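Worksheet: the structure to be examined is printed underneath.
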Amino acid sequence: MSISKLPTEIHGFDLIACGGLPEGRATLIAGSSGSAKTVFAAQFLAAGIMERREPGVFVTFEETPEDLRSNFLGLGWDIASWEAAGLWAFVDVSPEPGEPPIFAGGYDLGALMARVQYAVKKVGARRLVLDALGGVFSQFPDETTVRAELFRLTRSLRGLGVTALITAERGEEYGAVSRYGVEEFVSDNVMILRNVLDEEVRRRTLEILKFRGTDHLKGEWPFTIVPGRGIVAIPLAALQLKQKSSDVR
Amino acid sequence: MSISKLPTEIHGFDLIACGGLPEGRATLIAGSSGSAKTVFAAQFLAAGIMERREPGVFVTFEETPEDLRSNFLGLGWDIASWEAAGLWAFVDVSPEPGEPPIFAGGYDLGALMARVQYAVKKVGARRLVLDALGGVFSQFPDETTVRAELFRLTRSLRGLGVTALITAERGEEYGAVSRYGVEEFVSDNVMILRNVLDEEVRRRTLEILKFRGTDHLKGEWPFTIVPGRGIVAIPLAALQLKQKSSDVR
Amino acid sequence: MSISKLPTEIHGFDLIACGGLPEGRATLIAGSSGSAKTVFAAQFLAAGIMERREPGVFVTFEETPEDLRSNFLGLGWDIASWEAAGLWAFVDVSPEPGEPPIFAGGYDLGALMARVQYAVKKVGARRLVLDALGGVFSQFPDETTVRAELFRLTRSLRGLGVTALITAERGEEYGAVSRYGVEEFVSDNVMILRNVLDEEVRRRTLEILKFRGTDHLKGEWPFTIVPGRGIVAIPLAALQLKQKSSDVR
Amino acid sequence: MSISKLPTEIHGFDLIACGGLPEGRATLIAGSSGSAKTVFAAQFLAAGIMERREPGVFVTFEETPEDLRSNFLGLGWDIASWEAAGLWAFVDVSPEPGEPPIFAGGYDLGALMARVQYAVKKVGARRLVLDALGGVFSQFPDETTVRAELFRLTRSLRGLGVTALITAERGEEYGAVSRYGVEEFVSDNVMILRNVLDEEVRRRTLEILKFRGTDHLKGEWPFTIVPGRGIVAIPLAALQLKQKSSDVR
Amino acid sequence: MSISKLPTEIHGFDLIACGGLPEGRATLIAGSSGSAKTVFAAQFLAAGIMERREPGVFVTFEETPEDLRSNFLGLGWDIASWEAAGLWAFVDVSPEPGEPPIFAGGYDLGALMARVQYAVKKVGARRLVLDALGGVFSQFPDETTVRAELFRLTRSLRGLGVTALITAERGEEYGAVSRYGVEEFVSDNVMILRNVLDEEVRRRTLEILKFRGTDHLKGEWPFTIVPGRGIVAIPLAALQLKQKSSDVR
Amino acid sequence: MSISKLPTEIHGFDLIACGGLPEGRATLIAGSSGSAKTVFAAQFLAAGIMERREPGVFVTFEETPEDLRSNFLGLGWDIASWEAAGLWAFVDVSPEPGEPPIFAGGYDLGALMARVQYAVKKVGARRLVLDALGGVFSQFPDETTVRAELFRLTRSLRGLGVTALITAERGEEYGAVSRYGVEEFVSDNVMILRNVLDEEVRRRTLEILKFRGTDHLKGEWPFTIVPGRGIVAIPLAALQLKQKSSDVR
């Protein structure tokens, strides 16, 4: 069976992705701090709910559900109401206040997967977000373990029948794709969000680096975050837009 | 509840921040040595007192209160008088003369938080500064611990109901945001102060890198330090100002 | 006996390779994530089957045969039918779901070679692919072991009488050829696939870095991936093509 | 009490420093080898003696007093005569000939401070130099210890009531301010001396990076070393002077 | 006795070398993978046989004699016939198939030298090649051992009365001369072969970095590999040739 | 007593050095492989003998006296005859053939100094060369030991009453002055020899980085090695000479 695509309904993005995210698979989003990884991931769920009534699950590793609910009000998404309607579920693996964000006895994939599976079943989720693996990865002793654990995780997600987004950290806007330099190799699909400082002005772009087995537009595409609306990607040839996008928020 | 902003009353800054600092949360300020982190942090309290009579607490990790009082006289702030008036309180965790700046038995977050809480209550503080975490972080064995401890700290601050500023060190003006490359990921809000050497001239800029869940102007904005007044930020398009700002102090 | 070449039948490539890949030897392909290493390797087998009815064996270290079958439908290759016809065989050494991709008791070359040899005999393979050694290499303690094991592996392949392709990871598009900086020295033949970001546009190129004992064109050559067809290399002088190739997918 | 300044009487420097060095505090001078750290430090004492009859103490960690006396004759400073007149005192902590420059049983701050205090009292010193801490720092196991020890040292100096200069090493002319990347953060005041190679010509500049709590001119200022006179700083806008200063010695 | 030169008879090279390689000494050739180190070394022997009937010995550390014989047929050198005629001898220290390329019980210089001496005597060799030391060096624990062992090796070769070529690996085309950064310092004579990627085109150059005690032309000189002939160096001023050499194979 | 200079009589150099090398002190020469450190050092002795009949001692750590005698015949220096005339003496601390260049039981400064002192007395040497310390330094465990040992060595040399040259290795032509980044700080005087590759052409320059306590010309100065004559430095403004010097050998 060939690879099909799930339309994200994120403004402009599905054009760049030639239809959407590879369905039933996981896509890794790498980006620097503030590059809008969490906004993109939340909008993936929000747009699914608003445009296609597809329920979603948001697994949060550092920010609390409470914080996320407040943060996204300003983008027009009333997550609490979706939770009430059984369309959005949080799996909260953020550390307890006063506890270090270190998994007791090490990171336990089995326990995590059980909670995720339960939530996915409960809401009948078609979309899944894991935000952000940075804190988990940093507990692993070396890049071989990062590689192995990310591999196990993406394999395990396959069994859930959902289309997943996983966010991960990177330090520099150009250069190594991901923090440990191995995450992209074990992922089927990789996107990069950038927040580039260029002559004292910040410009946001997104790029699909790899979609295994399927097509997508290449290169960097400008996007902006509109209050009350969220991410709006601009699927026009990037070079022509350069001057215009530089004063985009 | 959506994110609200606390006006800092730092000249020009609230325009760039679209209202001020995210209220009730902590903002991390990263900057090289001499980039004005301590001036910015002190002015956050001073302006709060002078313009809005909001009391503040200043937790100092390296400079003594006595030194800070002298240092800020030249900017027109009579901290001692504010202390007398119950508007400013120091929490002095700078090492004793003759003692190494290493926390006996390791850094004890609980003890620190107790002292901070006491001071916040005593003056009824709405603003809190922690300056500077560099010496504390450097005692941690690895970046995982830096990450975990900063996470715990910012979580603990939430309970105090104050708007907080935390300062941290960085080495180079461009490149990695923070010394350990993880501090920015666990912070809700991140600002950068720069002191850039450009053709033998220094130019100061500030940038808001990330405000989770709320809006802000993007990119670098020039600022200057005026004797008797403190930081004056210039919220005009940075590029046009370039020639002018280069001869700014 | 002088070195002979096996025509790959990959569009345009055999011109650049002055006839094809060195017959009976192994060629190392290094490339970043998404640089089309797996596409190139699969097309080496697919084109052999379609154009010359030469059977092939595909040893997969990370992606499952099932995934690979789906991935390549979109390029027009019905691998399942070839498997049924005895023209394509998978050797699946990808980790079990739920198991870490770490070889129990270390990587066992002997056991791997036995399975490969069996598959090669069964289909009468003339072409062999090993995709991708990154995960295996990352388990070795140092570059000396990477070097020694890759050396042993390529030596062992000699005995099989096949023309082989081995894929390996690299991080940056320019700079060190391979991840550990030694893989290229112990390989008889080395190719590089690049996916270069140039003014926000991606451009794909391939280069033959070394063919021991035989001729090949030098430098980088543009290529594109055409849905339903696969890799199409463009064996024209690269510089003239530059503008044109930049809008190539 | 606000920060006051002690005029150094180094030609041109006090204009750049808006009056001189912060009185009663320590200033760190970082510079590459040959950047004139020792010349600047010695001239701080020499000018104090010649222009204001302020006695000074020079603590030397590597060069012997004997060598320093010879070295500075060529700049017109007869140190021996000032020693005789009770205006200059050396504290010689340079290693014994034949002994390694490693402090037996580790670096003992207490013993050093006792000797410094004795010398300061004896000549009634208002100025103090410590040249150079590189050899001491290199014995410390890590940057945390460098940070802690430098902090203790500058705190201890406060008790002496003198204005102090401490010299430290740096490798590259641009980039990290100091060798360990932490020295500048624990210092109240930081200056950089540069000896830049620019198109095969060397150009000397000085820069005040930070004066906590007080004003100074920003950016790099050219200076030259005049035989028989010492350092002459040129407090004119640096850019205009560029061509002229490049043939300055 | 002053240094004399042995003409290599490699086309064009002896002009650049002001006569040839320093006679009776060893020359180190450093180059990246595919830079033609093995071709140059083999041609040193082949040209000696063809032009001056000087027998040679080729010590091979990784490629088998069988592979080398095939590889060089395409350059017109029938090594097997020279072996039969007693003009060429291999010393095969390549690892056994199935064995790791690690010397049992460590690298044994004495045993190696005995085998080399035997071969040198048998054919009456005047020329000697050791290709390639990369695999041997990588077994040494640190650069001090690399340095010491290379030193011992070149000293031992002196006793054989031959002119020797030793090949070693380097990673980048510019920057550090050799992999460990010490090999060049203990060698009397050092050459660099480069295979530079310049605007998507590869250009080959050779450079003599150091001939202790004797003269040579300085800088980079273009060369090409002509099928049926081997290396042809072009001893004309490099800069003028630049455009022309870029389309050279 | 002020610093006096010993004219080296190396062509052109004494002008750049404002008279010569600081008398009675040691000067460190850092340079890459082939940068002419050994030639400069030998010429310092040879010119002293030829122009001023000042005897000299050459301590050689890696090359044998025999090799050095041959190497310098081509520059017109008959070292053997000077040895016979009691004007030149070697101290040979190069390793025995077959022995590793590692000092048994560690590097023994006392034993070395005894041999040097004996040779200095025997010929009544006024000039001393130590070539090259790279191999010795590489045996030390860390840069602190390199620093301490170099310090001890230069202190010990003071007692001999000679003007000394010490050569040391560096990797890159620009950037860090010396291999360990500390050698220059503990040396009174530092020179750099460069062999810069600039658009495929090599250009040699020398620079005096630091002469403690005395004057010298600043910046890089071109030099060339003339067969039969040795180093000829060109004390004209470097920039004007640039085109001309680029075709200099």
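Lettered A, B, C, D, E and F in written order, each chain numbered from 1.
Convention: contacts are C-beta pairs under 8 Å (C-beta built on N, C-alpha and C of every residue); 3 or more make two chains touch, one makes a residue touch a chain.
The structure presented is a predicted model; accordingly, all values stated were derived computationally and were not measured.
Counted as hops between touching chains, the shortest connection from chain B to chain F is 2. Number of steps on the shortest path from chain C to chain F, with steps defined by chain touch: 2.
Seen as a C-alpha superposition, chain B sits on chain D after a turn of 60°, to the nearest 5. Where chain C touches chain E, the two copies mostly use different residue numbers: shared numbers make up under half of all numbers in play. Note: centroid distance chain A to chain C, computed from Cα atoms, is 30 Å. Rounded to whole angstrom, the centroid-to-centroid distance between chain C and chain D, based on C-alpha atoms, equals 61 Å. Chain B and chain C have Cα centroids lying 53 Å from one another. Chain E has no residue in contact with two or more other chains.
Starting at chain B and proceeding toward chain D, the closed ring of contacting chains reads B, D, F, E, C, A. The residues of chain C lying in touch with chain E in their complex are 1-3, 143-144, 147-149, 151-152, 155-156, 158-159, 174-177, 181-182, 184-188, 190, 205, 207, 209-210, 212-215, 217-220, 238-239, 242.
Of all the residues in chain C, the ones that touch chain A in their complex are 32-34, 38, 62-63, 67, 70-74, 95, 97-102, 132, 134-135, 138-139, 169, 171-172, 195, 197, 199-202, 227, 249.
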